[in-house]
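Each of the next two complexes has chain A plus one other chain: chain B in the first, chain C in the second.
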Partner chain A sequence: MSETTLGGIAGRMPKFLRRADPAVVTAFACIVILLLLGSLYSRSFLSPEYLLQQLKVASFLGVIATGMMLVILLGQIDLSVPWSVATGAMMACAAAAYGSVGVALAIPFGVLCGVAIGLVNGIGVAYLRIPSMIITLATNAVAQGLMVVYTGGFSPQDSATAAMRYLATGFTIPGVPNAVIIWALIGAAMVFVLTRTSFGRAVYGIGNRERAAYLSGIDTRRIVLIAFAVSGGLSAFGGVLLAGYASKAAQSMGDAYLLPSIAAVVLGGTSILGGRGSYLGTVAGVILITLLQSILSVMQMPEAGRQIIYGVVIVAMLLLYGRAPASR
Partner chain B sequence: MDGAAPLFRMEGISKRYGGVRALEKADLTVTAGGIHAILGENGAGKSTLIKIMAGVVAPDEGTMTLDGREVSFASPAAANQAGIVCIFQELSLIPELSVADNIVISDPPKRIGMIDRKAQRRIAEEALARAGASDIHPCALVKDLPLSRRQMVEIAKALARKPRILILDEATSALTAADVAKVFEVLKRLRSEGLALLYISHRMNEIAELADHCTVFRNGRNVASYPAGSKSDNEVVELMIGREYSHIFPPKLGPNAAATTVLEARNLSWADRLDNISLSVRAGEVVGLGGLDGQGQRELLLAFFGVLRGLSGEILIDGKPVSISSPTAASHGRIGMALIPEDRKTEGLMLPMTVRENLSFAALDRLSKGGIIDRASEQRLIDDMVGLLAIKTAGLDIPVGALSGGNQQKVVIAKWLMRQPRIILLNDPTRGIDVGTKQEIYQLMRKLADAGAAILFYSTDYDELIGCCDRVLVLYDGAVKRELVGAEITEHALIASALNIHGEGAGPRQGVGA
Partner chain C sequence: MKDWRYWLAEQRGTLLAFGIFIVMFAIYSGNHPAGFTANVVQTAANKGVLLAFVAMAQTLVVITAGIDLSVGMIFTLTNCMASWLVIGTGLETAFGVLAVLGTGLLCGAVNGAIVIYGRLQPIVATIATGAVFFGLALLLRPVPGGSVNEDLADFLTGRFFGVVPASLVALLVIVLVVWVPFSRSEFGRAAYAAGSSETAAYMSGVPIRRGKFLAYTLAGLLAAIGGLFLTFFTYTGEAAYASGNAYTLFSIAAVVLGGVSLFGGKGSAIGAIFGALAFRTIGDLLFVFDFDPLWQPLFQGVILLIAVSLGAFALFRVRNRLEWFL
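Showing the complex of A and B:
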């Protein structure tokens, strides 16, 4: 491949397109197509109220997928999402039952419980060299067990604090739900971390070639540990927001977020093998998946059919562009 | 052993890998009932020749005849079919399977589609007996056998394919002297049974004991063929050298006794790969590591860089003992060490990432404040490095994988120079790159040394060691066998000590090191 032809083709494109990953462009194109298809069914799919509502629903998945993306960029995976979400929600609600101090500390306590799960994952992957698929599945099961012991298997009676409800459903800026603002803030922070910090560079380096990163003097184990802790914390924070949205925590409330969070990251062009991907793609993937779920349910498709179509569409999209050739 | 028509003949065989010439019009004649030794330096073309014989790679030109008929092999299986079987350097056995399973693995006897276990066991017993290893039980698992027994199974596996030509590529390098003796008995018996054996080894004494006929390879050509025992060791070494010597190396300043010792090792040992190594490198000195490939040089560099676990012995920096637990510890802070690794594609670079990201990757801590990268100082340092090393790239934001091999290697070196290391370890840095870039690297190395860096340089190319190094330590079997200083560094001395034979006026030295 000669450098001149490469430069020649790239030179003719507008700058933002030249820099954009084709997968990200495809994901945004799919969103537009999905909305157009939906508008054929009902005009209301293009109304601002509906779109804003979808953005609000998407922000819960967005927060969770942010952590998942960090882990996938390392070439690992975090399967402890379901019960990290539920643990965050349940522990935040539980703390709320302990007077005014408990209410004040509810959100940080819930997030810290998720960080703890993430730290166990990180220690297992980075220091004990356990494959992430195994250790995160195991911590998920342990977290589930602990929560079942705590709640006795029923939905906990504690309810979310006012602060949690405000974060999930309130409006600080008129017309923009707080959940969307939170997702935007977390997303902006992640973009900054990935592009401007040495931690972000190290994450991409490890995902591309862990051995080269290690031999370059990067403390790879520390980076992996931090990434898993962040993923656990963000999952739990997603759970806190969900509890605020629904006013209380519930058993298996996180189950619906495992596949969508992975799918959103991968649909957004992040390589499942690690090392490649942008946060903008994850945003696109999250919106895409949320819209898909919404449109299927609005069309009053029976649950079984919805699941089948949902799965088939994800596989089809991954086939479409998820299998980028390895660059060498 | 009559002088009749040869069993196998190769004529005018050439093979190129990209722009690199591995074999150039090489000829080889193999007769039945004889042991034929092939000698040559690293990269002389021996392995390529054998791979062509065994059907692993196809020649670009040339003919091969077996029994007077022209043949060509599309795959190793085709070569096996024709009676050419190769025992490679690395053991090819599957540890979790039984000896019998391994012996018949490529073509197990079948009955109605199932493996016929009785027949399989019979074949394995026969093969083991023929290999002189009937004491090995066919049902034993390979992982339970010691290394030398595994090598016998390897030979039995080859014999079970009923070869007419058996190739042994460094097949004894993993064995102890006692085991080698057993293997030799077997090989001599096979010769008397009429097999043709092709034997490749770097151990001159083995060749002297075993071979009937020798062929020396150099630069992809067969330069001499002679009956074993008709030439002295020194003559053989002369044959293996004999290259024109190119003056592309910068002048050396000569030893500076006043310089302080920066890097020192005392009695370094690791597993069975490093054996009691002591050495020292002074500031401004380029110390070479010589010897055949795989005698512990790579492990030694990795040991200094904190990669190996369970290292015994002591490493001293500036005369003070330090414990280097990881590359992070080795490169950061007071130690200031850099390692240019062996394989730039998997160890030196992240190929899909940009030139910029790769260049600043090893120096991220220096380029950032509070974890946030200072883009201005990053750009400044990168510009300096691109200028200093004359890295040719279409831009800083293209993947480093799009660069040529030589420029990729420059990026690997540059990313470490961004840390301004005091100690630089180089692991065969010029492998697979063009002559022009090689020359630039030699000059850069001398420049860094003159500026006070201590350089430890491993190369598989003897010319480089002669041209670049103030001293050369020759490793053999994980230990320093000889130290060559200044004018003592000649190709003859390097090869002789690499093969662990005592050339003229070159006894092994005691007390290697400072």
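Showing the complex of A and C:
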């Protein structure tokens, strides 16, 4: 999605512009500014190949951020992303070692492992009423421990299956990477669920006030459980795609996705307190973060500088439009 | 209610953490090949004290119903800084220590300013500032290295009179100098009040902003003291992402074990210290029972999972289902 189509739509439908969330508009404006700044540095920033490549890289974060958004909409948070991603990738690669059946079931198995982590999170949050921040940190640690025991402390050398590589790097439609199609499909499904189903309404309701949602007859605990399971599954699926992209799984592959996935959702205007936010904003946030990372790495910024700029940019943008209301 | 019963109810979490620690340490030293000797105690104290400082830091913030996911990174940053500065003559070393502690205060103040005056959610804000702190640490120490004033380091990691571990004495001093005055001050009360019910505290004219700000700032200071001690133990500075993250995680585990409520307003740093010592001892139990060290991360993860699930027992006391939803 480029800025011109958005501008065109807004031009033809002023109502859309009036209804647009200022946070989403700001995020898209920042994307345009980043692209312009990048094009000052190098012409190739505006070339279709570069933009498509960025979209492909963004789709991994996009898949993971989709699950994160669902959880954040509930007013919770999922800090088990790093090892859900790694578990999904490593288990999918591990399953591939068990003959042709293993190869065929590699992707579902990886995703199922993520769903299992998500279910533990969901049970902890929904039924045991443990703060999500804590229980997801704990399951993250357990998943890490399991993977360390499984691999014997080393990164596994199992490589990704052909199907995983095809999903991440192949082309079904010429010119459009498969990863982008997958993100588009998952995104479309998410938009449908959030805006057209009772589950989606319940998610927003719980995010606003769980008590009220419960009293209106929603089984809030089941909804929360499902949301966490979906988040775990999507994280693991993101890991599967990443393993396909890199051709193998690595232990620390998920570490780089926790902060970006939260940042993408929050920068896209979704309230961290829950109940408010649109998927379009998350798309904007994901593209924004990916572009920022890409530009910093093209400028050959060392890791230290990247971390600093990254943290500062996120705080600065949140200060622009992510602030909580003042005390009464 | 009688005074002592009130006191008992207030300190239940702390006493429980103390009990767990005593039991765990008894099992640990009972099965240790060397037995309960000054050496074993010193090693255990040195390892436990690092986490204790970071857990104290986390406690201050958790009491205000916030969370500081950057404590581990402040710890790492100050470790890298100390490996440059805490070296040389006595005066230079003293200046280095002050600079490191000042950096910790500054990091904490930045967190506090962003969360309180910037009105951002502590989780997101401190994850982001944590990235910045880690970036700075990486700038200081792209590769592990550096050194420290070894006289001071050996003095603070050794033993007094051959029996008392110096690190424990240092911990006690810090508790007396930082925690006790803070928790008894107006601002400490404000921090508790803000964690208990921010609206009510605000309405009663309690200085919640200054109280919370002071809590975040002192948390930075305590994390920096932890980083300083890490340098004393290892003689080097290292910008290790995994270790910084692990300390953040373990500090939360220690706080929970120490009976500090994650919803704010309840608990004390003393409890968190015993929580930290207990958590470390549990992690080390594997070694005395000759398990493969590979299992340690899983074991610690499971302990953490159990520790946080213990809070669920409160659900049995819930009479009205609406109390599920805070």
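The rule is simple: the second predicted complex is superposed on the first by the 310 of 328 C-alpha atoms of A that agree within 3 Å, B and C clash if a C-alpha of one lies under 4 Å from a C-alpha of the other, contacts with A are read in each partner's own complex, and residues count from 1 in each chain.
Convention: contacts are C-beta pairs under 8 Å (C-beta built on N, C-alpha and C of every residue); 3 or more make two chains touch, one makes a residue touch a chain.
It should be emphasised that the depicted structure is a prediction, and the values quoted were computed from it without experimental measurement.
A.B. asks: Answer with first, second, both or neither: which of chain B and chain C does A:L35 touch in the superposed model?
C.D. replies: neither
A.B. asks: Which holds for A:Y214: it touches chain B only (first), chain C only (second), both, or neither?
C.D. replies: both
A.B. asks: Does the superposition put A:A304 against chain B (first), chain C (second), both, or neither?
C.D. replies: Only chain C is touched by A:A304; chain B is not.
A.B. asks: Is A:A202 touching anything from chain B or chain C once the two structures are fitted on A? First, second, both or neither.
C.D. replies: After superposing on A, A:A202 lies in contact with chain B but is clear of chain C.
A.B. asks: Does the superposition put A:T139 against chain B (first), chain C (second), both, or neither?
C.D. replies: In the superposed model, A:T139 contacts chain C only, not chain B.
A.B. asks: Report for A:V103: first if it touches chain B alone, second if chain C alone, otherwise both or neither.
C.D. replies: Once the two structures are laid over each other on A, A:V103 reaches no partner at all.
A.B. asks: After superposing on the shared chain, does chain C or chain B touch more chain A residues?
C.D. replies: C
A.B. asks: Kindly classify A:G275 by the partners it touches after superposition: chain B alone (first), chain C alone (second), both, or neither?
C.D. replies: First partner only.
A.B. asks: By the touch definition above, which chain A residues appear in both interfaces, chain B in one complex and chain C in the other?
C.D. replies: 211, 214-215, 327-328
A.B. asks: Can you name the residues of chain A that touch chain C in the complex?
C.D. replies: 77, 124, 128-131, 133-135, 137-146, 148-149, 152-153, 210-211, 214-215, 220, 252, 255, 258-259, 262-263, 266, 272-273, 302-312, 314-315, 318-319, 322-328
A.B. asks: Along chain B, where are the residues that touch chain A in the complex?
C.D. replies: My answer: residues 305, 307, 326-328, 330-332, 339, 341, 346-353, 357, 360-362, 364-365, 367-368, 371-373, 375, 394-395, 398-399, 401-402, 415.
A.B. asks: Okay, in this complex, where on chain C does chain A touch?
C.D. replies: On the chain C side, the touching residues are 67, 114, 118-121, 123-125, 127-132, 134-139, 142, 198-199, 202, 241-242, 245, 249, 252-253, 256, 262-263, 294-302, 304-305, 307-309, 311-312, 315, 321-322, 324-325.
A.B. asks: Of all residues in chain A, which touch chain B in the complex?
C.D. replies: Counting only chain A, the residues touching chain B are 1, 3-4, 6-7, 196-199, 201-202, 204-205, 208-209, 211-219, 275-276, 327-328.
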